[in-house]
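So that we are looking at the same thing, I have put the structure below in structure tokens.
Naming follows writing order (A, B, C and D), and every chain is counted from residue 1.
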Amino acid sequence: MSTPIDYLLHLADNAVVLGQRNAEWCGHGPILEEDMALANVSLDLIGQARLLYQRAAELKGGDATEDKLAYFRGPHEFRNYTLLELPHHGALVGYAAADRDYATTIVRNFLYSALMVHVWDGLQQSADASLAAIAAKSLKETSYHLHHSRDWLVRMGDGTEESHARAQAAVNHLMPYTEEFWTTSPAEGAAVAAKIGIDVWALRPAWDALVNEALAEATLTRPNFHGYVTEGKIGLHSEHLSYLLGEMQGLARAHPGATW
Amino acid sequence: SEQEAAFEARIDADGRIEPQDWMPEAYRKTLVRQISQHAHSEIVGMLPEGNWISRAPSLKRKAILIAKVQDEGGHGLYLYSAAETLGTSRDQMLEGLHSGKAKYSSIFNYPTLNWADVGVIGWLVDGAAIMNQVPLCRCSYGPYARAMVRVCKEESFHQRQGYEALLVMMKGTDEQRAMVQDAVNRYWWKCLAMFGPPDADSPHSAQGMRWGIKRISNDDLRQKFIDATVPQAKVLGVTLPDPDLKWNEARGHYDYGQIDWAEFWNTVEGNGPCNNERLATRVKAHNDGQWVRDAAQAYARKQKERALKEAA
Amino acid sequence: MSTPIDYLLHLADNAVVLGQRNAEWCGHGPILEEDMALANVSLDLIGQARLLYQRAAELKGGDATEDKLAYFRGPHEFRNYTLLELPHHGALVGYAAADRDYATTIVRNFLYSALMVHVWDGLQQSADASLAAIAAKSLKETSYHLHHSRDWLVRMGDGTEESHARAQAAVNHLMPYTEEFWTTSPAEGAAVAAKIGIDVWALRPAWDALVNEALAEATLTRPNFHGYVTEGKIGLHSEHLSYLLGEMQGLARAHPGATW
Amino acid sequence: SEQEAAFEARIDADGRIEPQDWMPEAYRKTLVRQISQHAHSEIVGMLPEGNWISRAPSLKRKAILIAKVQDEGGHGLYLYSAAETLGTSRDQMLEGLHSGKAKYSSIFNYPTLNWADVGVIGWLVDGAAIMNQVPLCRCSYGPYARAMVRVCKEESFHQRQGYEALLVMMKGTDEQRAMVQDAVNRYWWKCLAMFGPPDADSPHSAQGMRWGIKRISNDDLRQKFIDATVPQAKVLGVTLPDPDLKWNEARGHYDYGQIDWAEFWNTVEGNGPCNNERLATRVKAHNDGQWVRDAAQAYARKQKERALKEAA
């Protein structure tokens, strides 16, 4: 696939995978208002994914559609950050069963939206006018996601002893996955060179500041990184993505020719 | 009493009762029961449809479904708020739900078994709900009536969306059409039962009518629903699973077969296929979320204390 | 489908669905010996399912195979008891997430194998000689499953306060699903008439005795039944089966023509 | 001492040391560490393959995979038993695993990402394990040697099964072939690292050799594995992802490229892609199972008490 398409897929896959995860809380949230808030985040992300897939399909031509891209690519073809495919609980293998943990959900939404407010901001200047327009829309939505998750991060960290422990555990679990943000995939490199994409590396100080400030306010500690840098954005995922996609794509794939 | 006379006069004049107005205890209790039951139905009703969000077969349908389930949560919120104006807190109402004392619409005690169930719930379940709810927009209790205006508007939108999704499926593959027919077969009779027992067996209705809480009888609403739905089913191309369903020229209405009230009551009493699952899921969500709500409260308290300290 | 096929599918679907569930513990059991015991139960059940599907495929003719029957039928075509498709935890909706509960697993295995020892015993006299042979083999295996689950049922019921409470909760949750055993589906009725199948209704006293005796030994109470009789064996399932089959069938369906 | 001399003599004569025999503490400790590490590897090794049981694409493959993972549990059992003969309990060993003090084979810290991984683990990972383990069947400690005889027999069977599954896939569709190649690409280098650091960097080996615990050097085993595997890869039709891999006529062996030892050590130290997941899953299973083990113990105690009472 050509550069801008690969880059658009990275952005779209991020959005659809995290949208899928956030929607899992629907009907199971800790309080009705949060059910609705996460449904809203999910809706925004699915909406972003649709626009991005549509643009990618347009560039790809042929019989490509948003749904072909979302439903008929395998896990190794997905280009999302590994962070976004993880289930809502601590580190466990792909076929473990466990209760959902809201701290994991909130911390992940925070870490991702803290990056994406800067990414969308920068992409408003993309040489791809469609992408620039999507970025402007997404920036507004993502700012809300950031506010929402940051507020809860602070509440949890500076709440009760239990909520602090859970939030810290989620931070410890998820923070290593953010290292993937700072590597440059071929798709990103080419998109930056073509002035379509944004150099995420340059956003690191801003992200660090945002994260460190929020963690400090939440009385949480940022763990040191020493570990494995995930490679979801080049298609090397965790064991969790194939389950997520299996569930998401199963019905569509059972009826390959169908229109819905 | 004078208050009682004023209340009765207002009701007779089709006027609105507002939270600050005096009202008989029985009126208040009836309303709290009905509104909270309605709110619970919205919340529990998120589960059968929520069951298909992760598997929606297109991104467009996924977004529509999330938005719909989110709207149901919103309806729950308005309705809990309306009930709170009557002096009962949301926590109290939830306690009623979780302990099994409060009811919710029994239609949500049936499973959603294929994707077409989502469309059928929109078309038939929401359709029946709207029939029930439109008269409530003229309910004598102001906050409830106003909440229902908003709810009905959104429900009509959902109903059209559900029907439209089914139209697309019926134009699709044989398997898609079979899914729709299967869903209709499973939901049709349950939807007819949603209007409640026949008027002859519905002793509470009279007082509700008197108070302007209920406006149209169960059987009349049911007939209205059937008359409206049969032509829609024809356009859609599905068969409604009732061999007795036919136009009665004399009555100017459709005749229909016997509803299985034993099954209905059994489900209302807690013995439907999903009663345990629905309720246990709500209780688990509430219990699992306790630490989150505790955190928010603890944080709010700390913030207040900090503000006080700073002010001192 | 013709009678004996439908009946064989009922037996095969029971075995494959419960085999799938038991295997979920593999690597997650409470003690290594139990990981192995449940893997063994699962292997036996998958083995039974294979023989039954093979016989059904033989009768069906055409291009039917065991895998076509197991992997390419939808949830509404499955004829297993609803009991067998439930996840390893208490009553929750299809898309809830929860830890696995070993008491649920054990109680289900007990309730089912207490029936199947009698079913297989009777089916040794089936007019279908292949089924009779499968029954003889399955009887031995199922006797082991019954011993295993009964032993644990007693240990849990008469163990600690916590284990007693968990076992009782599992009994309360699952017992209503056993009512499905005693209804007669069209496939069963026809199979009995053709002397291929067995009249399960006639086994009820024996099952009751087995269950009541074990519950008594386990100091557990048998709940009264007043509820909904599930209808999995005529294809009306719970919300759980479509998830189970989605996971089980997804890979095979993604490669429809492939041989493995 | 006399005991020590007898021990040394037995070792020198290639005799077997049995549990009741005297042995140096260092020998005992080395064996417990090695055997428990091996047992842990079997148990943790159940997870990457267990990940595909529910999704196996045919019932036959599902049964084969369950049986294989079950065998691994069995190997774990023999090995824990062998280690217990040295005076360390299974609980102590599990405590070592769960606290992160004890190691297990680092190969299991990589994810299984497609169905072909199952076949490749059989072919390459089990293949490498067998190379490592066959010499252990002649290990100086009797219980370990005997356990390894049984383990190696079953592992060879698994290896053939894995290879056979891959042969079938390679004869299949383009997608199936791509899955196999993808799995080989991800596992090849990790398997070469399974033989441990180059002999030059492997200080512990000498003492192990002296004691008859280790029989062949890391590099020799690695070379043996490569020489055996390259022709199998050719038959299979997959490319081994090493451009430097070629036959060296002079050496009579295949030359091969540089192993990424930094990555290897990083993973051993706990920073591989799945270290946290594997360990946390074992710990969770153990903790979640506490009540079950407690129940069994409580029941056994009660039974004993009842028997005593009856006897009295």
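Structural remarks
In this text, contacts are C-beta pairs under 8 Å (C-beta built on N, C-alpha and C of every residue); 3 or more make two chains touch, one makes a residue touch a chain.
These are the chains along with the protein names UniProt gives them: A, C = Phenylacetate-CoA oxygenase subunit PaaI.
Computed from a prediction, not measured in an experiment: that's the story for all the values here.
Comparing chain pairs A-D and C-D by the number of C-beta pairs in contact, the larger count belongs to C-D. Each chain gets a centre from the mean of its Cα atoms; for chain A and chain C, those two points are 40 Å apart. Rounded to whole angstrom, the centroid-to-centroid distance between chain B and chain C, based on C-alpha atoms, equals 36 Å.
Multi-chain contact residues of chain D (touching two or more other chains): 47, 50, 53-55, 281, 284.
Within chain A, residues 24, 27-28, 93, 95-96, 98-100, 246-247, 250-251 each touch two or more of the remaining chains.
A list of each chain pair in contact follows: A-B, A-C, A-D, B-C, C-D.
Chain D contributes residues 43, 46-47, 50, 53-63, 66-67, 69-70, 73-74, 76-77, 80, 115, 165, 168-169, 171-173, 175-176, 281, 284-285, 288-299, 302 to its touches with chain C in the complex. Note for the complex: chain A touches chain C at residues 24, 27-28, 74, 87-89, 93, 95-100, 243, 246-247, 250-251, 253-254. Of all residues in chain A, only 75-76, 90-96, 98, 173, 226-228, 230, 236-239, 242, 246 touch chain D in the complex they form. For chain C in complex with chain D, the residues that touch the partner chain are 16, 20, 23-24, 26-36, 39-40, 42-43, 46-47, 49-50, 53, 66-67, 70-71, 99-100, 102, 152, 154-156, 158-160, 162-163, 166, 247-248, 250-252, 255, 257-260. The residues of chain B lying in touch with chain C in their complex are 47-48, 50-51, 53-55, 111-114, 182, 186, 266-267, 270-274, 276-278, 280-281, 284.
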